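Just below sit the structures, each encoded as structure tokens.
Across the two complexes that follow, chain A remains constant while its partner is chain B and subsequently chain C.
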Partner chain A sequence: MLSYILKRLAIAIPTLLVLIVISFLLMHSAPGGPFTSERELPPQVLANLNAKYGLDDPLWKQIGSYMWGIVSDFDFGPSFVYKDRSVNEIIAQGFPITLTYGLLSFAVAVIVGVSLGVAAAVRHNSLLDYVAVGVSIGAQVLPNFVMAPILVLVFTLWLGWLPGGGWQGPEYWIMPVIALSTSFMASIARITRSSMLEVLTSNHIRTARAKGLPERRVILRHALKPAMLPVISYLGPAFVAMITGSVVVDIYFSTGGIGKAFVDSALNRDYAVMMGVTILVGALTIFFNLVVDILYGWIDPKIRY
Partner chain B sequence: MKFRTTLASSALALSLAFQAQAADVPEGVTLAEDQNYTFWLLDAIKSMDPQINTDVEGSDVLRNLFEGLYNEDGNGELVPGVALEHEVSEDGKTYTFKLRDDAKWSNGDPVTANDFVYSWRRLADPATASEYAWYMELMQVENAPEIIAGSTSPEELGIRAVDDHTLEVKITTPLPYFPQMLVHGSTFPVLQSAVEEHGDDWTDAGTLVGNGAYKLVEHQLGERVVMEKSDTYWDAENVVMEKLTALTINDVNQALTRYLAGELDRVDIPAGQYPRLKEEYPEQAVSTPYNCSYIYMLNVGEKGPEALKDARVRKALAYTIDRDIIVDRILQGGQKPSYNWTHWAIADFERPELDWADNMDQAQRVEKAKELMAEAGYGPDKPLDLTLQYNTSEDHKKIAIAASQMLKQINVNVTLDNYEWKIHTDRMQNQDYDMARYAWCGDYNEASTYLDLLTSYSGHNNGEFYNDAYDKLMKDSKTAEDPQPLYKEAESILAEEMPIIPIYHYANVDMIAEDIEGLPENNVNNTWYGKDLYRTAE
Partner chain C sequence: MVMTSEQRVEAGEIVGKGRSPWADARRRFFRNKAALMGLVILGFVVAFALFGGYFAQWSNEELDYNVMGQIVELGGPSIESGHYFGTDDLGRDLFARTIQGTQISLAVGLVGALIACIVGTLYGAVAGYAGGRTDGIMMRLVDIFMAVPYMFVLILLLVMYGRSITILFAGIGLISWMEMARIVRGQTLTIKGREFVEAARATGVSAPVIILRHIVPNLLGVIAVYATLLVPLMILTESFISFLGLGVQEPLTSLGALISEGAGTIAYGTTWQLGFPLLFFCLTLFGLFFVGDGLRDALDPKDR
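Up next is the complex of A and B:
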């Protein structure tokens, strides 16, 4: 197992390198630059800016010094657009926010989703099942950019219970978490339900029941764990997607999270911020894929590496 | 605004007639307990550094944290800031400012003429790499172009401190509107010791040293900016509003909902919603002119289509677009249809009488356009194909679709090209377009801020319209006793040559809380200062 983990980590480094180089080249090939603006800058002013940010160097040199900054000082460079801030500062401010609502959303999505899915499968074809399926389909088809404004309309304007946006304390977390977790929760519920239904018809469950185990024990002890296998493979990427933020949540709830910063950096051609967030998301994706693979082995002893 | 013209004509000591006072609360008005003002920002503030900032929203924040030589009042007239008054030399090229001696930085240091010298040099210095370095050139400050080009040291800039409270600025050509330009954020002073001590972090909350009426207490990027009244401000005793909060909300509709929920005191009204809100909240929905002009730029240069090199075709295109439909049916926010380039509300500016604008109705204009197209050799048998490029936005799209339908009347087939903002701009600047959506917002309240853009030497003239007579008028206007007739003539040339299709002049349409007073009502730049605001009791 240890050698497997080491091997995967070793592969991660070249993967990240390829990611960095490709993103870097793609970004620089997009028309316009960080200083393209409606008021075209006088050539000398533009030259001064390019010199300050090293954009007048050949591309290979830019990539080289960028990588060196990361490796030697863990410095992702200055933002070309938010000029008072470095990429490290922008990520340090935005990522904890994103991480907070991401982790909470993940917890809500998993707990509610799995419970709903299990309940629906156990009471297959009952009213509970229909309601659970109905709710999860409804939640899935309602996009969060529709849900977010509705939440604000209801809880802020009509009821006056919650602040409409911002990031100042726990009461500001509620609506972002609902908006972000709902569709993930729905997916988890559906996957859990179908996987559970399949597991419940398998031989070892029949055996467990034949032994006279109480139903509760059959479900929790014997059915749930194998039923989680497809759920887990969904959870890995879903987890990364949640903790690396959602541009919709950031826009509608003004959280100041990293999702909006990422999209803005692409539109603004803020090369450094975009690279910084890409590397962050890339590294997290690689890491959590590894975690998922390890979890597989733990859940299903038949899987060996 | 006689102020400007008299200034240009003779050397005189100018003393602004009245002493500026912060919030001007009329007698008998009861102030509310709560003196907090919360306003809306569409985007995160890119920089709190006066010499680095380039955004309108950034300027709104900076005006409260720093104070330049002059401020504007609610009508856009100059009022003293750090400068009390100035004198202009006989030749109009040397300005001597008398600075107040009670101005202080938020760390207690006095604000001196040297702070301005340092800051202006900093703006031009290539090492600062400011995107607004060109503003020093626009202001014609001596040696600015050479300093930006790196061939002369920043110490050579035409600004010096005669003593702690006397500042002298030398410019290369007389500029009648020079004092107006001093309201711009990039000319605000910064404190050298604060900048040098903290480097790029000097603008962080808690570290930032300013000389404005407020100090920065919190800045969560993309979330909020909080400013509290500064006790060191020279006029602090007249500042009523205790706290200013700016909330970033990236979605206009969401911002409106939060305004209606009472979270904000001022917010922009999304396009098309003004009539409804005006009816529902007549006291809160307001529309005021705003210093920007919306046009379709025509590519008349080398890379442009052959047809657009013909002024008759350009005029026909301009005549055919029905601006009333665009303004009344699409935008619905008090914008004005435009038939010329300079915004109608610019101080002292008067548009020349234009036959097509003033003496024809839309049907007659279309008739005239058809004639012009026929003369140019186009008609039902020989339609003209053009592309119209716009950057991603619902409003731009709606207007472009309407325009393309209107142009069908004169057998012009328009293909719409939508690009993301940077690509749109890049293509325009490389002349890869036929017609393109463009908007310009004036830097100051004077017509040259628009008209200079279409000179052959402007650097923003992306349509490559080059006209010697036009250039000459604009050059002459810089030294003219009264530049207004020349501006009028320049507009007439534009109407004759039609290098751009004017569409509409902007308006600010806002919801403003009823108990907030002191926001400008008649200032095209919408320059507002927290120090002028107050909240009345119900």
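Up next is the complex of A and C:
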């Protein structure tokens, strides 16, 4: 198991390095520097600014010191637009919020999706099954940026039940979580259903039934574990998509997470913050994929370490 | 067993005509009701995007000064004013803008999927055909790229190199070829051991020609399926970016940008601004998903 984890880590670390180098080179090759503005700066001022931010060093040295800053102090450097704030401060402000509704959405998508999928598979071809399939097909065309305005229209404007935006208490969490989790819940339900249907016809389930185990135990102990494999491999991409979706949630519900920081910095051309967020998200993704891989190796006996 | 003449004709007909795998696939596809429904929906959306402009009373850039400032009262959908879908908050005709948005969204979907297909197919076929260490390195690279949060990188690209539609097309295509490369590589591995490839190699055909002439044509079915399933994903990606206001720029618009505008103004009660773009967005995705699923059932040898 340990060597398996190490092997996965051996992929994860270069991935992170590649990500950092790619985004750094992208930023570096962008037309116009961070100090380009409508008002032409005197050349001396520009030179001093470049010297202050280390932009007059050779490229390899810039990449090196940027990486070293991240590795040694977890420091993403200063913001290019807000002179008095560091990228870390900007990220630290939004990250807990993103984490809160992100984890909640993830939990909702997995728990509701898996339950719905299992229920649909166990009651195959019943009304419940048809409803579950219908819901999951419908929800496929309802990504977060479609769900968000619909939710606000119904629950804020028509019914007046929920606040339309902000981040002050649990009632502010409901709509972001629904908007973010719906389409993933649908996909998870669909994957669970089809893999559960397949597992339920397999030999070991027939054996379990033949030896007289109660159906409940057959489903929960014997069928659920192997049926979870395709779901687990979907969780990696789903996690990435959810982080991406958090940008929409932050913008539309004014929740103030890192997505807001990202779009603001994109509009302000604050490359430092954009890179910081991109790398942070990339690191999270890589870490999460690692967890998923380990989980997969733990559940699937066919994987050799 | 003695056959009646009719049976003989029937049998003769089958033998005489033969059925190609493509004809088989076509038959399976047209028997699939959901796929047919998807095709009809898709046909409607495409017809709307192509020919809807002939019915529009206004262009997508014209401002209607009669309704300006009173959008909520006068800007609603009506036949008399010529604004079949109403107007947006600036008094522009939503019918014309929805047509234009649908065009852009479909174009982004098609071009993005095409780029992803070409890059992914070539990459996957080369990796699979080369095998060994080259294959290992190429696929490990794909693993690495797949962990990159591409939406953020794409936005980074758009911000840095200007929000032009070319960058959007290329960027969307270039971030989504990885899945395709994996699938094509897997299929190539099975094809490259077959006799006709061996024969080609034995007669001295060069590797690039074998890949392009002998391997890729045998993958067309799989490629077609995943290309169709890629189109809606490309549309989703573009709409996502446009929703954030980072996609196509005015006066051009896309369904995502229109949904974003509609979402921003629902508080004033102009629900049609959200409703019509949303309707066409959902119809497009529905159609594409159903057609893609139908094609997969018809063409993908795995699921038979």
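Worth a mention:
What we mean here is this: the second predicted complex is superposed on the first by the 256 of 305 C-alpha atoms of A that agree within 3 Å, B and C clash if a C-alpha of one lies under 4 Å from a C-alpha of the other, contacts with A are read in each partner's own complex, and residues count from 1 in each chain.
Rule of thumb we're sticking to: a contact is a pair of C-beta atoms (placed from the backbone, for glycine too) under 8 Å apart; a residue touches a chain by one contact, two chains touch by 3 or more.
These numbers come from a predicted model, not from an experiment.
Within the superposed three-chain model, A:D84 lies in touch with chain B and out of touch with chain C [touch as defined at top]. Of the two partner chains, chain B and chain C are each touched by A:Y252. Of the two partner chains placed by superposition, chain B and chain C are both touched by A:R269. Of the two partner chains, both chain B and chain C are touched by A:P149. In the superposed pair of complexes, A:I243 makes contact with chain C only, with no contact to chain B.
Applying the stated contact rule after C-alpha superposition, one finds that A:L157 touches each of chain B and chain C.
In the superposed model, A:L19 lies in contact with chain C only, and not with chain B.
Applying the stated contact rule after C-alpha superposition, one finds that A:A51 touches chain B and leaves chain C untouched. In the superposition on chain A, contact of A:A10 is made with neither chain B nor chain C.
30-31, 148-149, 152-153, 157, 164, 251-252, 267, 269 are the residues of chain A that lie in the contact sets of both chain B and chain C, per the superposition on chain A. By the touch criterion given at the top, residues 11-12, 14-15, 18-19, 22-23, 26-27, 29-31, 137, 140-143, 145-146, 148-150, 152-153, 157, 164, 240, 243-244, 247-248, 251-252, 262-263, 266-267, 269, 271, 274-275, 277-278, 281-282, 285-286, 289 of chain A touch chain C in their complex.
Here chain A touches chain B in the complex through residues 30-33, 35-42, 44-45, 48-49, 51-53, 78, 81-86, 90, 93-94, 148-149, 152-153, 156-157, 160, 163-167, 250-252, 254-256, 260-261, 264, 267-269, going by the rule given at the top. Contact residues on chain B toward chain A in their complex (touch as defined above): 43-44, 46-49, 52, 54, 126-127, 129-131, 133-134, 137, 145, 148-150, 200-201, 203-204, 220-224, 247-251, 253-254, 257-258, 260-261, 263, 420-423, 425-427, 429, 438-440, 459-460, 462. Within the complex, the chain C residues that touch chain A are 140, 143-144, 147-149, 151-153, 155-161, 236, 239-240, 243-246, 256, 259-260, 262-263, 266-267, 271, 274, 278, 281-282, 285-286, 289.
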